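Contents: one structure, followed by commentary.
Chains here go by letter, A, B, C, D and E, matching the order in which they are written, and residues are numbered from 1 within each.
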Amino acid sequence: MTADAGRPASEPTSDAAVVELSGVAKTFGAGPDSTTALTGIDLAVRSREFVSLIGPSGCGKSTLLRLVADLIAPTTGEVRVNGKTARQARLDRDYGMVFQAPVLMDWRTVATNIELPLEIMGYDKAERKRRSADLLRLVELEGFAERHPWQLSGGMQQRVAIARAIAFDPKILLMDEPFGALDEMTRERMNVEVMRIWQETGTTVLFVTHSIPEAVFLSSRVVVMSARPGRISRVIDVDLPRPRTIETRESEAYFHLVTEVREALRQREGQPVGPDDRDPTSTDRIRAEGYA
Amino acid sequence: SGGSGASPSAAALTPVKFQLQWVPQAQFAGYFAALDQGYYKDAGLDVSLLSGGPQVNNVQVVSTGGADIGTAWLPNMLQAREGGADLVSIAQMFQRSGTRMAGFKDKNITTPAAMAGKKIGSWLGGNEPELFAALTKAGLDPTKENVIKQNFDMSGLLKGDLDVAQAMIYNEYAQVLEAKNPATGQLYQPSDLNLIDFNDPSVGTAMLQDQIFAKDSWLKQGNNAETAQKFLEASFKGWIYCRDNPQKCVDIVLKNGSQLGASHQAWQMNEINGLIWPSPNGVGIMDKTLWQQTIDIATKYKVLKAAPTDGAYRTDLAQKALDALGSSVDTKGANFAKQTITLKEGGN
Amino acid sequence: MTASAADRSSAASRWAAGADWLPPAVLFVVVLLGWEVSLLVLGVQSFLLPRPTTIASSLIDEWPTLAKGIVFTATEAIGGLVVGVTIGTLTGIAAARWATARESLVPVAVAASTIPIIAFAPITINWFGPESVLPRITIVAVMTFFPVLVNTIRGLTEVSPSSLELMRSYASTDTQTLRALRIPNALPYWFTALRIATTLSVIGAVVGEFFGGPLYSLGIYITLETGHSRYPTAWAAIVLACMLGIVLYLLVVVVERLALPWLTAREMAAER
Amino acid sequence: MAVAVPSAVRASTAGEPGGRPSRRRRALGIGIVLLGVLVAWELAKWLGGDPWRIHATIGGVPIDYEHVPPLHWRIADDLSLPHVWDVVRAFVDPAQRNGAPLGVVLFGQAMFTLREALTGFVLGALLGLGLGILFVHSRLAERSLVPYVVASQTVPILAIAPLVAVAVKADWLSVMFVTAYLTFFPVTIASLRGLRAADARAFELFRSYAATRRTTLWRLRLPSSVPYLFSALKVAAAASVIGAIIGEQAAGVGAGLGSAIITYNQYYITAPERLWATIVMCTVVGLTFVGLITLVERLFMRGRYRPPEVAR
Amino acid sequence: MTADAGRPASEPTSDAAVVELSGVAKTFGAGPDSTTALTGIDLAVRSREFVSLIGPSGCGKSTLLRLVADLIAPTTGEVRVNGKTARQARLDRDYGMVFQAPVLMDWRTVATNIELPLEIMGYDKAERKRRSADLLRLVELEGFAERHPWQLSGGMQQRVAIARAIAFDPKILLMDEPFGALDEMTRERMNVEVMRIWQETGTTVLFVTHSIPEAVFLSSRVVVMSARPGRISRVIDVDLPRPRTIETRESEAYFHLVTEVREALRQREGQPVGPDDRDPTSTDRIRAEGYA
């Protein structure tokens, strides 16, 4: 990593909790039709930490992110961000968010979609143009500035959404499966970019992913969640040295951590109920070998 | 409710659709009375009276067969005839014009000549020839005068948008007298107004108004001529009834128009009677002099391009109807005299 | 075949090929011919429905009067349209912004929109006098503001929740959300309303004139000519009023195309 | 993964800041606006209307009060703008000597008109939707016919209505036609857009099923046009009341609000408050009708949208 | 695999080309703003084959699927499906498609969304209910039949879309990144299900994925594409024996194939142009180790 100089090689987190959830639960709806998406969530993310959330589909990862972002309010418990209420943090524009869906505006071009937060936050035109041009290069969409979202492929849309989220250098990045629609190589390059940004700017990252290796490789901590109702089942510290390189991935420690996360995820409890008639042997056989 | 065989069943009656030129009001009291008193039924007719109104072109309805017989101002019918409709007048009900020009006393407009340079209201659309003729006769050029289209209420006059406005003696004029003068808090009085009467010999430009007409082709079909004659006979009876029992006719009209004001309709009934009666030639018979005067004015003011062709009116049906009524019935009303009606606020 | 991007960008060549304007033009000619010929053959009296050629010649003969009329009536229609659309849009924005405003303003707006012109027109003449343009401007404004209001509210509130969340994540102020999200989202609705409003504006102006106005205004002209059973000239005025309406409508369509190119492109894409 | 929420996910309520206020607040809001209108009305009369006086004895106390407004505005005089209380009193006063109160008479007429408006509305909405459906399926039809549809709406209805009345012999039928004529247009224009409003990807999905046009219409185009359609139906409902009134007049129907309007229009100078009362009744009919549509709309929208989760 | 009996253990493809693209190119738009998404595509997929498409984001994978599905028409070249034109095949309802986005109807519940194709194809109500219940179990969403799409998480929505695509037993399955939003375990189970269905029903599958191991593990052939303009750069036969199990993944052959696909993908040519200021070393280091 080139841009690593200003950052200690050990875990660079400070003690101040940037994101803090205590006793948080979230139930959607009421009555017999309600869904308890999250329950008993206690989580503190320190400054400059890179925390990944991982867990089965529907376990409440997106819900947790939306709570932190103050897009929804917890049913019980408290969410504090940067020592303030989540609401205040949102009003202070402390975070940038990549949603699970790209959520682009059809009437804007790719460039002006990226410039949207900058417009709202009052950046002047020249600066907006400069940033969007830089970001378009970053997400490898140089030629597409003037296109409209519906002229892009799925992965390209997602990259626009990523560019938009980091456009205003937020202190906290909330990313909901940002690289899910990207091919391996683009994804790797994006990983590198996110790590670079994280290290250079001292951002705190809360990152949802379905890829265990990605989570371990990128994170300071991996939060493993279980489903229905969504709970935090394990928090695994990733004390691999930084900068992380190809050697990291070959290390024994890395391998152990990947296995540990996988084991944590596979604990039967909290897994979504699967079809009962499934052949357990075949699944288990595949399950034993990890591929993502 | 009786046995279907005993009383004359509806099927035996000849259906007739009669198109009025406005919504139900005492202007059509005779027809409503004929219906109410069973005169039509007695004549073997099943008459439906079709309401008119601002959106109903009564001449057009008859000429397209929407109604069999209708009532309209004579010039309007003649215009349509000139435009190609084979309409013919079969009975001239009004023997004089009901139109007046009304202005407040302070405007001091008592003659056509005094209208020079004033804001002159007219409904136009066929209502203006009497006025234009009067102006011309007074040496004015109607096309150069300030003639303004007035709405069919009299607010233009009250608001001062008009110095003088057209008013039917049986309707708009009464409305003014039913309205409160904001300055005094009392109703306007006849003494507040000047009226110019087109029937007045000094003006002398009156034209014929309400008459009954039908399509020539319809009259020539089957027994229609006879039906028309029966219709006239029963209608005349209705009008005679109204002449003799005005209050009963007002009640009949009120029954047929639930929103109408009672004193206003009483006034209207009285004035309408005054337009019909006396009928020196017998009710419904065309007065040749007035016919000629109407045609002269109409052609002069381009209401008609030329004098109507022969057969624009016929008196035979009306005459036969009168004959059928017999001599015991007073069909001329020579002794008719208008009553004095007190108008109440809002015409109630 | 689907309408792909290829079809979209070839709109210009489609125009050249006549795909866009040829069918309506052909139909127009056919309708006129059919009208003319059938009346000739059937010998329908002109006081019912005159032949197109009769109407056309009346149009030419009466042009000086009619030209004055159309200018006057167009002034009223456009004036009323501007007032109505402005009020409708502003109330719509207020109503979309404040739920209480919406719940209390909309019923009043509905009420206003159901005031029958034929009852209201004489009153407006009472208010402003028969020769002023104000009675018709008032009528047109009352008639047009409701569709604009309803559609503005719809367009401003029917926003995708995810986009709203996005704006919320930026702590965008209501005004910013309005400008960046709600208004662009509302534009298709708003233009739909505008299309309806243009035609209403012409009806409103002409019908309003039926109850009073200068003698040359189209509405009065129509009543006078029908009153005299001069149908060809009446129809010439009616045709002129139609043309005014169509021109206004097409103007809206063109502005809409220019203002919402992305929408046109997307709609074409959905054209299957 | 691009888990794009289909753009058809629209929040009717989620989009509303603050959601729906309580019933009480709504009633209060309407009350305040109404009161505001009335106050402005009377204020105008107070400042620029005609002079008035109360001369009565109430509870043994003689009252003699006269108000002479300082200004004179022509739009505020009694002929232009009757007093609110006069309009209210008009409802209570008998319509005819010894007759039922005007309010009762008007209510009967209003029911009559509402019935006509409803049938005309149904016909017009179906026609409007039918045309919309034709147009979204055929560019050719759209391009050739839409100009005529637009033209039809600019032909002053008052010029057409008598023709319709002449052509169609039955009164109720011609009223229905005139009403339909006024109502179909907003529906057509809205469906031109609404029936195309579904996400392009949803159209692809249906195409992949080789769904017939009919199926696509029923299961995709119509459901996704609901927001557009209901906006139009509200406009059409309001228009249908006006249409029914014009139709009544054109067909010479002796009942209904149309005939009441003619009468009170004609006698306007003697009792302006009666025309105003009739107008109030028209708006009540319109409100009832639009309210009905809104109820149906709520039914249709139920479950479609994400309710407001947003904490404000 | 339990359901493997009726199927030969070797590659089960017959010779009839089920999907055949010859000389296909697709350009969106015209003039200077046009995008050539695909060019010179020749591809024949035989009956009962399982072919994966893999390639960088924006290389035209979705476009290729949409061409086969006759959702768009090729600019040049010909697409034939089951020996007919693509159009005829579509009209015959020969294929089921999973789109990259879930494309669910908001006004329908989860169950009725799944039943949509069945309704369109005229299945009776009882049969529809039966199938949707089965499919809901298959995609592990039993409790959610009566929910609406917006009440589901991203991964859950995607599973509904999968269930919908297979509801009417299409002869050909076109799947565009169907498992992109799923966690590792759910994804594995879904893989197993798709393999089971493929083997039991003799379906032909055209599958877009970004996961190289997934592509190799599932496919008979992997088609590697390169970007701008989209071209087929390599077609790699996967001659691993079936049924494929955990042992398959541990075999030397499997490892070689994964590497081969990865190498094919990494060939500089046809890669989307990345930001030039990126540090090539760091990327390359990561690139050398494959993780997905």
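Details
One rule holds in what follows: a residue touches a chain if its C-beta (ideal position, glycine included) is under 8 Å from a C-beta of that chain, and two chains touch if they have at least 3 such contacts.
Note that this is a predicted model, so its numbers are computed, not measured.
The minimum number of touch steps linking chain B to chain D comes to 1. Identification of common neighbours of chain B and chain C yields D. For chain pairs C-D and D-E, the one joined by more C-beta pairs in contact is C-D. Centre-to-centre spacing of chain A and chain B amounts to 87 Å, using the average Cα coordinate of each chain.
Averaging C-alpha coordinates per chain places the centre of chain A 50 Å away from that of chain C.
Centres computed as Cα averages put chain B at a distance of 85 Å from chain E. One inter-chain figure worth recording: chain C and chain E are separated by 49 Å, centre to centre, where each centre is the mean of the chain's CA atoms. Residue positions of chain B touching 2 or more other chains: 54, 57, 60, 64, 153, 155, 159. Shared interface positions of chain A, i.e. residues touching 2 or more other chains, are given as 28, 70-71, 100-101, 103, 106, 150-151, 154-155, 177, 180-181. For chain D, the set of residues that touch two or more other chains comprises 1-5, 7, 9-10, 74, 79, 158, 200, 207, 246, 249, 264-265, 268, 305-306, 310.
Chain B contributes residues 19-20, 23-24, 50-57, 60-61, 64, 66, 152-155, 158-159, 171, 175-176, 178-180, 182, 185, 254, 256-262, 264, 345-348 to its touches with chain D in the complex.
The part of chain B that touches chain C in the complex is made up of residues 54, 57, 59-60, 63-64, 76, 79-80, 82-85, 124-127, 147-151, 153, 155-156, 159, 161, 303.
If you check the complex, the residues on chain D that touch chain C are 5, 7, 9-12, 14-21, 25-26, 29-34, 37, 74-75, 79-80, 139-140, 143-145, 147-148, 150-151, 153-159, 163, 185-186, 189-190, 192-193, 196-198, 200, 203, 207, 216, 227-228, 231, 234-235, 238, 241-242, 245-246, 249, 257, 261, 264-265, 268, 275, 278-279, 282-287, 289-290, 305-306, 310. Considering their complex, residues 50-51, 53, 74, 77-79, 95-97, 99, 105, 158, 161-162, 165-167, 169, 246, 249-254, 258-260, 262-271, 274 of chain D touch chain B.
Across the interface of their complex, chain A is touched by residues 1-2, 28-29, 33, 35, 54-58, 61-63, 100-101, 137-138, 140, 142, 146-147, 151-156, 159, 176-177, 180-189, 191-192, 210-214, 217, 245-246, 249-250, 262, 265-266, 271-275, 278-279, 282-283, 285-292 of chain E.
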